[in-house]
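See the structures that follow.
The following pair of complexes shares a single chain, subunit A, combined with subunit B in the former and subunit C in the latter.
Then we have the complex of A and B:
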């Protein structure tokens, strides 16, 4: 915004003159320091507006609802009239872990499976495709469009398509290809909750994996585009140098290309975690089949409709908030720890 | 989409609003000295018959599908009071149902489409919908069953039932006649029919549970046949236990019948199951008569009442969800709202509706039954012979709990062996959900 503004130079000069005044130097326009102030009154107004409006929006639209959600999670309220609201302390949380524990654990685990599969399957696949397409193959634009196409569709639309075209028991592509469309012989892709990876009485169910599949299908294209853009920015001389030093393709990628794309990697990590935590639309349009609860589904199920249970729904929401916090704290710590170097 | 009739302008509405107030005052309906403004609140200007109201009437509708939408328009077109400008505000029916709380509290509409029974009583007890007992004083042709389904805990009426449909065992007439099968009337006949179908290579019962609500109909039917209507109502109201032996008996009968049902129900939509029935891969389908709407040729469909399983209980109770209208607690135009509700109850309005949507049956006994098709006649006869009419599980209990029950049924049909754990878990949830519900209201 202000081309002449140089924060480090400013603070250095201030520190030379009066070290103790340094924090207030930008807040005050007092006589002696006017020389050093690089902000005009207009700058100040613009800054205030540009920082103030987003801060205001951020606080009112994000922090206020979040805090209200936390408060509501300690109430029993059906959503009608405030005098119906009663404080119940931590009862909703206790019930979450005693009465509704199956729903909660299933949802937490399902959110985890989404994260795991997007991270271990979709992301590497997207990177691999991007790496191959970066080699200036013939018709690379066509391949890119093909892989990117699913990203253009919202996950809700993706859900509708997969439900009717791929998974339908009688007309679906899968059962037709497998020749399993006869009455009594059909594979129920979205209705079978047999466990593939059992963890006690919970685990990864077959139909939840069938829901993760279209998510992977879509996520691969997303990662591919992000990575392709990153790969274009890698200095070719780095790769040449690696090749001259006799490294294999894999070694060059692992030791040279991948580390130099750290900013892109961080973006991909953040996007993947967000996708996994916010998953809702595809499960909702698939009518939330058996054993496919995720946290956001539990929140909406409790709160939408009449006679809603706002307290319990908010408690589920706080669970989601805690997961987000966990990730954000870890992310900020790892980012700031590396800042000095 | 919003449709207004007959396209009001703000100025017209304003003039008419004032003239109704003047008219009401002249008619002596406003308490002397009470001031014109109270005309809308306390004394509503409803005279017991249609004609004196004017102004704009806002109707909130969930009739987003083509036939119900056209039906509602026909009802409004037939409204005899031309001084009232009717505005229909239609929302997609899922959106409408999920947001009914907000819609009710906003009070933008005067009357709202809704469901009879528990779901209406709940709003009445919350004070969110208006007492329309004075409308009921002027209603004729609606039986006691309908009145009971419109009455809240305080003994007043809060709902006008307009039409309903029945849940029964649907089948393809042609498939039955080709195989020489006939409608079973008791358990033995039902089981031997099912065995016949099995040996003919036809799965006896279609079964679909996409959305986790369709098989609630099977539970309702079995519970009504095994334990009777009163127990069913008590169980839905949270007053009986899901771990009770009588409830368990329902699930053990269900488990015995499961081998006669299609597999993989949780991944199938009811439309797919209905087509399986139409095309003869499956013999029967216990579903609402709306099953016909999924068929290529609805005329092949016929149905029979779910047969009796216990002679002492009989087979005279069934699910017959009633749709209708309620008035918000503080309508802007109460006189017009009540006139419209009264209109809704008449054969005139119901005939108009059914001319566009013949999938349902009119609630008024004076409605023109000569235009009914065979299915409507059968539905109508079933309902009038019924000793108990339930509204379907998700309308007969707290929606939150209906969701928990839906989850449990879905798991039960996958692993019937776990029924004890599943029922204990459901009972635990029931206690928590009903406790919240009762303390909150």
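Then we have the complex of A and C:
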């Protein structure tokens, strides 16, 4: 998709003519880079600074805390003075699975519900819309803008909008449509913890489904844009060949188009998983009157709430790290794998 | 042919109905923002009753009660430097990894890319403690608290650190497509490395920088989590997170919140409408492997 604004097509052809490139660097570019050793001393110092400052900032504020989270999860600490910190081994983790079992399982399941709905509802819907829009129907540009619109908004603001416009018990869209705005007859969409899909005591509650709905609203447009860009890059002759073959649209999509979009599919999968794990804003906004736990809320509880238990908060943080780790590695591998030259 | 025509009609209807549903929250927000709560809350048709009064009171109240001038000010103090710094930092790293080869090229790029994929909450506990412990000289606006926590400088820094992952990835993919002869010619002419970066590569990277600037503006402007956790103090929150202050614990004036939300989304919406192409190409480029 970089091709959409690739300023020079001919750079690709010249790639083979550079013998002075180190083999190790061929993984990312055909050979458009020069050797470090050709640089003068000054240039080398400049280059080091150019890389060094941003890397230092990124590493100290992102990766160092990521590692400290793991260390802190083995301690008991209230966050004030270092001499209060005590090494407790795996106690936090053992507590998560015993004393705080209910919190943990509720949070894990809720993260899972988010993932499931984004995957089974938002993603197919986004792909379907992209697929239809790719056929250049009338009004494609307008539809694209409409569905992409929510993506521009902050999930927190999306929460405020849905809370006041859709879910408001007295005057919201839903209760008006269902004719339930009369005093005493109102449905409290965010205040009802009845289980819709019961799984013991941890099922999917109605208020949580009401939190997931606006996330779907926003995620569909995101998927649509990614997929539309992908579909544009599919060789039209592939689609034609499938059509001439007499295969139905669904078969053509399933057997030809979908597999050829593997890079986009990987990105969508990873984005959706990460999105489901890091969800925080909208839950913080819609968590009143019923408070619902997801992992991110449990991690921050000890910062924003009354008690301050850094060790336990970090243990929840490690859970998040573990859950996203596999997908991040997978994404890196598929992205940085040697490209065919 | 007939089935094709029929399919088209089905597709059009499907899109039309769906688009209407998609617009409902937005339409509802606009309508309710202009109508008094006293009117919509007593009518059984809520927002969709026939409006008798249209008013700007909700906006005025949101503006004053939400102390919005202050929050706008804070927002731009944070967002503008953050976007500029993110692009500046990421373009330097991207330039280095895409135009030169040394040992840890790919590893560095992977580090940045992966960093952006971590859930912010996974690192917030230690980050909060670190921010608590780093004293910074007091300076008007940017650091009134005297420590990184609660300071706007701290907020800018975490945005730059976090977002530089995504931008470095996108920019390095873009810079790789620039012909290498450019640098060679420049070197023969005796141009220093910095000049090659600033005067040759950067101008050619402008389309990607434009797309990223739009996207990053929206993302940093839309931030809620970092501000709520690292700034905390209600007065110093940027506009998006300051919407929190408009809803009460027990009673919330929905029309007031709608008006507040409308004010807050306005800049991103205007930028989106003006620069739709940039928005979308930025996302698409980031998602592809370049």
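Going forward, the second predicted complex is superposed on the first by the 257 of 341 C-alpha atoms of A that agree within 3 Å, B and C clash if a C-alpha of one lies under 4 Å from a C-alpha of the other, contacts with A are read in each partner's own complex, and residues count from 1 in each chain.
Convention: a residue touches a chain if its C-beta (ideal position, glycine included) is under 8 Å from a C-beta of that chain, and two chains touch if they have at least 3 such contacts.
Here the structure is a predicted model, which is why all the values come from computation and not from measurement.
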Q: Check the residue A:301 against both partner chains and state whether it touches subunit B (first), subunit C (second), both, or neither.
A: first
Q. Is A:258 in contact with subunit B, with subunit C, with both, or with neither (first, second, both, neither)?
A. neither
(Q) Which partner chains sit in contact with A:105 here, subunit B, subunit C, both or neither? Use first/second/both/neither. (A) neither
Q | Partner touching more residues of subunit A, whether subunit B or subunit C | A | C
Q. Between subunit B (first) and subunit C (second), which does A:74 come into contact with in this model arrangement: first, second, both, or neither?
A. neither
Q: Could you say whether A:189 touches subunit B, subunit C, both of them, or neither, answering first, second, both or neither?
A: first
(Q) Touch test for A:119: subunit B only (first), subunit C only (second), both, or neither? (A) neither
(Q) Just to be sure I read the superposition right, which of the two partners does A:95 touch: subunit B = first, subunit C = second, or both, or neither? (A) first
Q) Between subunit B (first) and subunit C (second), which, if any, makes contact with A:202: first, second, both or neither? A) neither
Q: Using the superposition on chain A described above, determine whether A:47 touches subunit B (first), subunit C (second), both, or neither.
A: second
Q | Intersection of subunit A interface sets (partners subunit B, subunit C) | A | 79, 168, 170, 288, 302, 304
Q) Which of the residues in subunit A come into contact with subunit C in the complex? A) 1-2, 4-8, 10-11, 14, 18, 21-22, 24-25, 27-29, 31-36, 39, 42-43, 46-47, 50-51, 53-55, 57-66, 68-69, 72, 79, 129, 132-133, 135, 137-139, 142-143, 145-150, 152-157, 160-166, 168, 170-173, 175-176, 179, 181-182, 214, 217, 220, 222, 225-226, 229-230, 263-264, 267, 270-271, 274, 277-278, 280-281, 284-285, 288, 295-296, 299-300, 302-304, 310, 313-314, 317-318, 320-321, 324, 327-328, 331-332, 334-336, 339
**Q.** subunit A residues touching subunit B - in the complex, by the definition given at the top
**A.** 76-81, 84, 86, 95, 99-100, 102-103, 167-170, 183-184, 186-193, 207, 287-291, 301-302, 304-309, 311-312
Q.
If we count contacts the way the header does, which residues on subunit C are in touch with subunit A in the complex?
A. 8, 11-12, 14-15, 18-19, 22-26, 28-29, 32, 40-41, 43-48, 89-90, 92-93, 95-103, 105-106, 108-115, 117-130, 132, 157-158, 160-162, 164-165, 168, 173-174, 176-181, 183-184, 192-194, 197, 204, 207-208, 218, 221-225, 228-229, 232, 240-241, 243-244, 246-247, 249, 252, 254-255, 257-258, 260-261, 264-265, 268-269, 272, 276, 279-281, 283-285, 287-290
Q | subunit A-touching residues of subunit B, taken from the complex the two chains share | A | 97-101, 104-105, 119, 122-123, 126, 128, 203, 209-212, 262-268, 272, 276, 281-282, 398-400, 403, 407, 410-411, 414, 425, 428-429, 431-433, 436-437, 439-441
